[in-house]
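Shared chain: chain A. Partners: chain B in the first complex, chain C in the second.
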Partner chain A sequence: MTAAASTKTGARPARAGRRPPVAWVGTVPFLAYTGVFLLLPTGIVIWNAFKGNTGGWTFANITGLNTGLVRSAFVGSLELCVISSVVGAILGAILAYAVASGDPDGLIRRLYIAASGVLAQFGGVTLAFAFLAAIGPTSGILFHASWFYDFPWGIAVIYCYFQIPLMTLVFLPAIDGLRIQWREAAENLGGSTWQYWRHVGAPLLAPAFLGATLLLFANALSAFATIEAWEDQISYVVPQSISTSLISEVGLANVHEGDALAAGMIVMVVIVMSGYFLLQRRAARWQR
Partner chain B sequence: MAALNQPLADLAADLTGPAAARRPSGLRASQRRRLNAFRYVAFIVFGLFFLLPLFAMVRFSFEGAKPGTWSVAAWTQIVSYPGPPPLLSSIEITLELAAISSAVMLLLVVPTMIWIRLRVQWFSKVMEFICLLPLTIPAIVLVVGLAPIYNKIERYNVSALMLFWAYVILALPYAYRALAAGLAAVDAKTLSEAARGLGARWPTVMFRVIVPNMWQAILNSLLLTVALVLGEFTVAYLLSYVNLQTNLFEISRSSENAGVLFSASAATLLFAFALLLILSYVGRRLRRGRP
Partner chain C sequence: MSALVKAAKSEGTLNVIALPNDWANYGTIIKDFTAKYGIKVNSIAPSDSSAQEVTQIEQKKGTSLAADVLDVGGSVATASTSLFAPYKVATWASIPAGLKDPSGLYFGDYGGYMSVGYNSAKFGTITSLSQLLGSKFKSAVALNGNPTEANAALNGVMMANLAEGGTASSIADGVNFFHKLKAAGNYVPVQATPATIKAGTTPVVFNWDYLNTAAVVGQSASTWKVYIPSNATLGGFYFQAINKDAPHPAAARLWEEFLFSQAAVGGQNLWLEGGARPSEQAAMTSNGSINKTAAAALPPVMGTPIFLTQAQATAAATYLAANWAKAIS
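Then we have the complex of A and B:
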């Protein structure tokens, strides 16, 4: 700020007397746009979650969620997120280790990192179609998986397709942070590979691993397109319940049910992501 | 290094270049051998897991009327599938959305970001927070709050192109990270002081001095936005607009194994891969062009 201001007065004396416009005005378009299309919608969700059908404030929307259908959706979300994030985290960590232990400039590493970047974003309708073509129960080209439409394992396999690459991307820096010297030190002291991992590697990687698992959990929690394209007749998870209540809003006794569900999801995501950021900060200590 | 004598390590050196064998790993030869065996098993297993569904989708898109035969019918259907609405029109809409969203995103984020970097540094944390917020707020939640806003928009314009308002928000975190990395690599302060010292006005500083130094980042964010819009389903579906993905979804509801689903999906993917290839190619040339 001061440097820019002094340059200004020094180089352009003609304008020196004029008061420069307040600099933050330049951020107004951005703030206005994100205000209307990001902050306002989020506010509307939370606002409406506590609003009665006929105006006034109420907790009825929240307590109204205590029905069998909604409970099963939350339990379903929890099951699917836990399974897909734990399995995805373990497999992704193994892949990250395989990638990290090779040549840092090698072709395989570059290939897997580039592919992970693409595949971690590759969700949605297309992913469900790809698995339907590969292992669909009647049409699969590889084999006919009778469990394809089973919840949660059938969909968890599909979710792993984007969870594993995401884990690899997030966890790779942590593994790269393990120094060769630590391993050598362990060996010089007579430690075996197992002892190295048990007493050095695992404790060092634990915060990063847990943090990444939470990130995967949040990722699975918010995924909607893939599971909707997989099976749209039954609402297995919360996003599907939100979709149902939003699309069939007219017939519902409670017009704000969608908002209450969405607010519930915000709470869940905020808790999970806070955990992620805390653990990430703990893990960053070793990654300098 | 002793590991070089091992056949597996030779293979490794062939595959990953000689640097792999030279790299000090702190491992004995036998450990190195075991590690390499593990690595190649992992690469093959994961590679198959990632590639087979894609291959299956492409193979399925070439399936003829009888199982096991080949045909390009599904691919010609991409342009002729009647709908309603016709598949081609939804492809058009999606491509237009991609163009509008990336243009709006760049116009919104790039000047703001440079301005903040040069003039209002204290604001950069706020901008980062806002830009990364859509990663935390799932699209399915955002769309619940967007519904009343889109009710108002629909009074003026019912076109599916209006989806761009929301798509810019969805693309914000990815575009922001790409652009922030690009801007961080530019010594914006010195450049702007030099330009200002020579009498340049702020728009000149921005668009003729700083922007040309971050083309790679701009291209990156552009392609990330395009890729996101091509695959977007949630917002369009819940606001009842027709784009490529929602159209494919509707087709899949009426006929589960329609070949056009797989050909159109494969085409979208190939398009996205092509964009990424262009990106890395152009990126490498840009980097080489600079000292």
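Then we have the complex of A and C:
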């Protein structure tokens, strides 16, 4: 994801005239890498989504997506991603602000960043099992949470465990970029705290906030191991449906249907990204 | 046989796939095979499903990494015969006719009965499945996997179906049983493993009896009991098959000979020691080669065993695909 980076560049005037003609060579490793490991697999997935199990081309995999089960998996993915990314983004941003307003070289800040770095990557089976042991309906040590298996809230709580630290990490640089002088200027002009945030702080942070929220959304969309360990008996989200289409040993496996589901996820990401760019353009209007 | 041993030894390695060490005594079987023939066993992806085994031999075809032998459920075995090499082990005649493909493409290796494993100190003695709907079993009952994916879980639902008065041709009553279980708050939607049993998350488990033994789930044999309903005695077998493009074809065949050997340290008795019922059990009981202690330790089976036909299993899977998620959400 380059969301955080793209928020910073804005519209810088190109220096086309003075750029040496070989400068593009520097982008070759990047383009080659994304080509082989992003564009090529995406192309293969979409290509295979139109292939039949006995060879030849077919739309059956795509039309096969129009069932209640598949629809509910896509709705489930959307619900879980929106809830966990919005809750994670808001709480993470508040925490990032709290950390940023402390001593920039202080022990607390360093501890906090180090811990966030670890926790943002702490997902999967271990995390699900830790929650199960702590607040599971029968095995909870802290308390027995009966809502634990309610989708999407039970699993959203678990996802927030890594979403909040991730948000804190990616959003902290944006908050650090807020200069104290801007606040002083607002106060000198008689602005209240609310007016400062409404007219200065929020517009400045909005692009970074949206970008970070999108990152969390994509993070939640692709997560599989955590929700599979939390509950594997129903395919609540699309990655679980893909898993069923690949591993079912009772006769329901259909690899190309899995490709079609994956293609559906790509479409979902494209829609969200497009929405993000529209919002981003609006939010970052002042930068131009 | 000695030529086969020689050829297998010169290959030196055998690739097996989807064989967990704690499943039907496979950990010991692999160790004993290596000890006997000096052939290294490379165990690939122990927790894969039958469908993934087939995908693996297709994807790794022509490389030395492909699995040589498969241990798969009935649906996958019958659907994938084009990938198998026919082979008949020396004890072929001892395998019941219903458990083998006449040309030797796949053949039944071991099986068991669907059962309920539970802690009798906590729940008392279970004598019928309908007891599980009672308030004593709050957040307690779990399956081994998702029934639209895993054979063992599908058969767990089918066992409930039979106990509720359904027939093997329709699994609807079983799905309804789990719907009631969920409504009563007794259903735990987590895949039961020895770890979840130890943690107390899944204290009552539907699983094959050989995966539900006290030894496998790591519980005390004095309190962990295995119940097989007499009105729903549902059996199931797994099948061996040899990859026709096996990178180690001789080792693959020697492995099958070892698995179907009736010797004291042969696959059939080793499976039995792990709580599974080997396919040659009847023949071995009459010729006296069976390990009698291990046979006596199997959980008692009272009812008339039922085995799903391929058509019944497919009908059940189709029904589950459409109705399972609705029933338990």
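Everything that follows uses one rule, which is that the second predicted complex is superposed on the first by the 218 of 288 C-alpha atoms of A that agree within 3 Å, B and C clash if a C-alpha of one lies under 4 Å from a C-alpha of the other, contacts with A are read in each partner's own complex, and residues count from 1 in each chain.
Here, a contact is a pair of C-beta atoms (placed from the backbone, for glycine too) under 8 Å apart; a residue touches a chain by one contact, two chains touch by 3 or more.
Since the model is a prediction, treat every value here as computed from it, not as a measurement.
Of the two partner chains, chain B and chain C are each touched by A:139.
By the touch criterion defined above, A:247 reaches both chain B and chain C.
When the two complexes are overlaid on their common chain A, residue A:149 makes contact with chain C while staying clear of chain B. Once the two complexes are laid over each other on the shared chain, residue contacts for A:175 go to neither chain B nor chain C. Legend: residue contacts after superposition of the two complexes on their common chain; A:69 is shown touching chain C, with no touch to chain B. Within the superposed three-chain model, A:231 lies in touch with chain C and out of touch with chain B [touch as defined at top]. Of the two partners chain B and chain C, more chain A residues are in touch with B.
Shared-chain residue A:255: touches chain C; no touch with chain B. In the superposed model, A:265 lies in contact with chain B only, and not with chain C.
129, 132-133, 136, 138-139, 229, 232, 243, 246-247 are the residues of chain A that lie in the contact sets of both chain B and chain C, per the superposition on chain A.
Taken together, the chain B residues at the contact with chain A in this complex read 12, 15-17, 19-20, 23-27, 31, 35, 38-39, 42-43, 46, 49-50, 52-57, 59-60, 108-109, 111-112, 115-116, 118-121, 123, 127, 130-131, 133-134, 136-149, 165-166, 168-169, 172, 189, 192-193, 196-199, 227-228, 231-234, 237-238, 240, 245, 248-249, 252-253, 256-257, 261-262, 265, 268-269, 272-273, 276, 280.
Across the complex, chain C is touched by residues 69, 72, 129, 132-133, 136-139, 144, 146, 149, 151, 229-235, 243-244, 246-253, 255 of chain A.
Across the complex, chain B is touched by residues 1, 3-4, 7-8, 10-12, 23-24, 26-27, 29-31, 33-34, 36-45, 91, 94-95, 98, 101-109, 112, 114-115, 118-119, 121-127, 129-136, 138-142, 160-161, 164-165, 180-181, 183-184, 187, 193, 218, 221-222, 224-225, 228-229, 232, 239, 242-243, 246-247, 258-259, 262, 265-266, 269-270, 273 of chain A.
Looking at the complex, you find that chain C touches chain A at residues 48-52, 55, 72-73, 75-76, 79, 138-140, 143, 145-151, 153-154, 185, 188-191, 195-196, 199-201, 203, 313-314, 316-317, 320-322, 324-325, 328-329.
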